[in-house]
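Quick one: this structure, given as structure tokens, is what I'll be asking you about.
Chain lettering (A, B, C, D and E) follows the sequence in which the chains are written, and residue indices restart at 1 in each chain.
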């Protein structure tokens, strides 16, 4: 009974591979990245694109990116989390308390910190889902609450200071420490330095001792998130929940579970960043992560995520973070008067998104 | 040929007037306001609800509200403006330059300042519409750009300082000054003080010299915005543009014009606030209005505006601003330690919105 | 041919790599009901979106009263006297029925600063027009999002008819309608046509099309298959054309020929 | 009566002050096609949303295989073997056809950490099922938002049929479909029914209903008017019932009795 | 006795949390009931409203910081008119008397910056950068301006956010882009000072680039003790919290009040003194 219809279709024009690539939300943001890179290649001091210069702007970009990838997944799932910036400070405080005040080893302290963060994620998620309020307002409340609790907690832990220290000492010998702080591939870089491939200081140590671990985490997370989004059923549920929560629920997607899980992932990403920052700095204070929630969302949006949910990608957030990190740090390498920093930042952001949007439209032939 | 159908409908249950009232987006937020008031009546120093105490929290509420009403209208129209906080600083700088550096009278300086703000609004609007980018990212760029320009401008105007002073002197005798700074109904209040109806200082002047003009502007704007939204064709277009820009355009609503006009209104509201603040404070600096964009959006959302557009009200933003202003200032009147301020602020916000949401649901019988 | 109100010639429309229309010519004369028929995905909606200014054709000419025009938006088409009921209805779910009904063309009263949306009159007109279509609204301030599928479609039709000027385009207006509402819509088409308005009627239902149509144009895979005049074509022939000439599933017999 | 797969008794549903259902009783037996008919706004969609777990009834009982149950969400109903095509289709416009087709029930390959969405198989199944319904997809990764109205409806139907278990609910499935697609859907209903699945079929088209229905229940203003068995009722009677007994518009004659 | 402190720095700002600790210590010692209030960001309009709120409660004493005399003046004058004794702290030594405050406890930001600048020039600095993590905050801008004045040579402002990672990267970028830079002035020890030390260290320039900071943090002091950083400028802000409360409590009880301003700084903490201060700093007293 199935009726035969022709298999080829005269109504499809052939499409170049460039067009096909640029249609993907992952890749549109590359245009912006290229633009920004070209800009700095022209205007900035050549030190910016040496190995150490690249590491120097990739490191903050990676830290932002760890947040942005979580934020992007949540945005695709149709929700926001404005509390991730405060979560960086809060998780840092919890982690500090566990390591310094309770003296726990990392193998216990890290999972515990992440668990606490996940719990806050669950609270955010459940409140959003059960009250039906927009997540914007719910997580905004937690932006304040977590930031406030951090201050109170830090003062209680230190007996009056807003800074908790001694983390470097407390974690120094821990075998897990190299995974969360410092640089990776030190041996390789030392060898490269010896053979003269990379620059060294006068005393023979390489200028770049290795790849900062946050960059590896950043890349790893971007790949993992992309895998989940594009290659697993869970990814399909995330897109569906963000695209139309009602329709998704009607079709049998466990929307509530998906959203709660996403809130957990976002919070855990923030906590992971906190752990790395705290171990690197050796201290934490009440102002960590200030306004990082917005930078995370900015990076995700530069990377092509829609604020309305249901569309976006982790790779986009990846490039978005690099664009943002590059613009923020890059100006310091130029001759431009630093008072113009914010004008420049705003202008570059606008240019990058407009450019990548225009390119995508042109390529996909939308009108 | 028209077929007769019965005019009464057995399928409608009667509905109490409370239910009908609470269904309106304007009025849902009243529940939250009552909750917050009751909270402070119990916990705060009785000075909070004296005449001078009420003026004291209404004044920041009114200042926030002037922004929030603009932001609410724009949100109903389906867009955001994140640049209004920076616009407060920018317009303040422009106004300061006109009044102090150029010595213009208010009758010229005020329209000029508002015109500059409107122009920025047009740029925001046109960029959003023409590029098809989310207004979030476009106005975010202007958040940075305007803030940066303010810094550069102030330094240029003052020869290196980030603070411009001398506005009070420059505007002192101007006949327009009383409309934008100080208090209204001074005579009335002085008379009331003399007859002992309101409290006085030891020297006999009334504790509250009058109603701060920003409160009058606030009320006036709320009424005007409500009129426009509910009683004019333009209001219908705003709701339609925000509800579904495509459908609205297909039905013949001039969506682009509506949105551009809304961006202008929002920017002008911010500039109006800037003028009042600057004249009251007598000075302006590069950090004025910092983060006010978020407070404005918060107030609008507390007041029932949907972030997705197409739903909300100016009166809701009115009450939302009062709730927010009351919570921020209210803490000063309680015994709660400042360290807990943010926890408290977040908790109260959450409570207020959850409560008013729950009440509305209960009353309207949604499941 | 010169008496056509609107005439579209050799319209082509591409979406990226998809070719939705590949040369379609179509016209509407005053006082006729011109049915546009075709399989799913044939390009009917795309075509009438071009006609009502929502989409810009990739190629092709649009003539109004013989003069070439371009529409830069739906408002241009409306100004030229074209009223449209879109397949997706162009309704705002969060807004009330009345506000949707008058969206973009609100009746006002008062003048100057006091010029305002005349809610009372708008409500009356809206309730009245809906009653004419056989729907008795509970209240004109009910949100469109809470209406049933058919009620929503009726609002869209009533709106277009109320404001309809020279050409009325209806994209599958009867698809979600009940028996009574359908019969009302068909008789409305008939009435409107007799007033000299040109009607473009899209439907999958051959019986509906034959009941009111004067001419029948069939689209197939983005191209015109041809135009027939009323009386020259039987229901069965039309049905065959619409299905693209391919044989129908076996159940057909039991359906008695025309679905 | 005990052989009903699902039975709903005296269902009432209020939305705020609107009474949408006011005591409806309905059941579906294996291997039958039970048509639910009624005017616009009669409450058909609301009723089947109750049946598929989307809405909680304000009052009333739901029995599955004679045992009382409550659905806390659509997933519960799905687990009980109820597949539904909603009138608003429950599709995500931004997602591809395949992703929509398998939404919530993705085929996987690999295991453990490497368990993944089997895109290739999903695409194949999706294209194949659509072909069976008479739609030849350009590409399974086309976004649903760019499909035509009828193509979209076909995706929803093909999905429900593919995953359909014991009860298949179709809310106006044929409303946007072309002749060929309609005939395919009707014959699909027939085929599915013969496999012992209970089908609930909502339509405004009397001819479609009569072609496949075994029993016919008519809703009017939130209440059941009665149930008729195939053969006991003529097309004209059914049409009368559906229109709520009110006289039809004058055009009726020219439509030949049944619209 | 009720005393209210309204300051322009937030409770979670490391500097101001020490002031607040001083306030609390004085409250505990004198038995006075003291409230510390501050706006959420550097916001003069909000601060004047907080002063108004305090005046409404008619406390026995009011302590305020005055970073912007124009904006805060009317509110302070209103307090004085209401008969509330006012002491100003931290910023505003120049206008304190004029607005009717009894005395001022604090250090002039610009003077402190100048002192630091002079010291850094003495240490051989020729080209410096001033890291401003909150551009537009008038107090911070004055610190940079003072530094530029005292330093004499070229002194550029580098605006940053308050994120330590970003600050570290920006300091590195500045040093890489211009190898002639030999001096880094930070305006906040933990947020900017410590990352600046780390940046200099990562570039292998410890010793050849002098890093100094305003205010104290334990971590920075350790660097000073180890010789990785030059010095920190202490204004003993604990005193700015402690003294006014103590004075006002005594004033309320016995009508006592010192006759003049109390300069609490500036006070350079260099290598020899740093080690002693670390512990106190870690407890939020210095």
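Heads up, the rule we're going with is that a contact is a pair of C-beta atoms (placed from the backbone, for glycine too) under 8 Å apart; a residue touches a chain by one contact, two chains touch by 3 or more.
By chain, UniProt protein names: A, B = Xylose transport system permease protein XylH; C, D = Sugar ABC transporter ATP-binding protein.
This is a predicted model, so every value here is computed, not measured.
Common neighbours of chain A and chain C, listed by label, are B, D.
With centres defined by CA atoms alone, the chain at the far end from chain A is C. The chain with its Cα centroid farthest from the Cα centroid of chain D is E. Of all chain pairs in this entry, the one linked by the most C-beta contacts is C-D. Centres computed as Cα averages put chain B at a distance of 48 Å from chain D. Averaged C-alpha coordinates put the centre of chain C at 26 Å from the centre of chain D. For the pair chain B and chain E, the distance between mean C-alpha positions equals 33 Å.
Averaging Cα coordinates per chain places chain C and chain E 71 Å apart. In chain E, 11 are the positions where the chain touches two or more neighbouring chains simultaneously. For chain C, the set of residues that touch two or more other chains comprises 15, 18, 88, 135, 138, 180, 184, 187, 246, 249-250. Among the residues of chain A, those touching two or more other chains are numbered 1, 3, 5, 11-12, 147, 151, 155, 339, 341-342. Put simply, chain B touches chain A in their complex at residues 127, 131-134, 136-138, 140-149, 151-152, 155, 294, 297-298, 301-302, 306-308, 339-347, 349-350, 353-354, 357-358, 361.
On the chain A side of its complex with chain D, the touching residues are 1-3, 5-7, 9, 11-12, 227, 231-233, 235-237, 239-240, 243-244, 246-254, 310-311. Taken together, the chain D residues at the contact with chain A in this complex read 52, 54, 73-75, 78, 84, 86, 88-95, 99-100, 102-106, 108, 115-117, 119, 131-132, 134-136, 138-139, 159, 180, 184, 187, 191. Only residues 11-14, 17-18, 21, 156-159, 161-166, 169-170, 172-174, 176-178, 190-191, 194-195, 198, 203-204, 217-219, 281-285 of chain E touch chain A when the two sit together in their complex. Per the touch definition, chain D reaches chain C in the complex via residues 15, 18, 38-42, 44-46, 87-88, 135, 138, 142, 146-151, 154, 172, 175-184, 186-187, 190, 204-208, 211-212, 239, 242-244, 246, 248-252, 254-256, 259.
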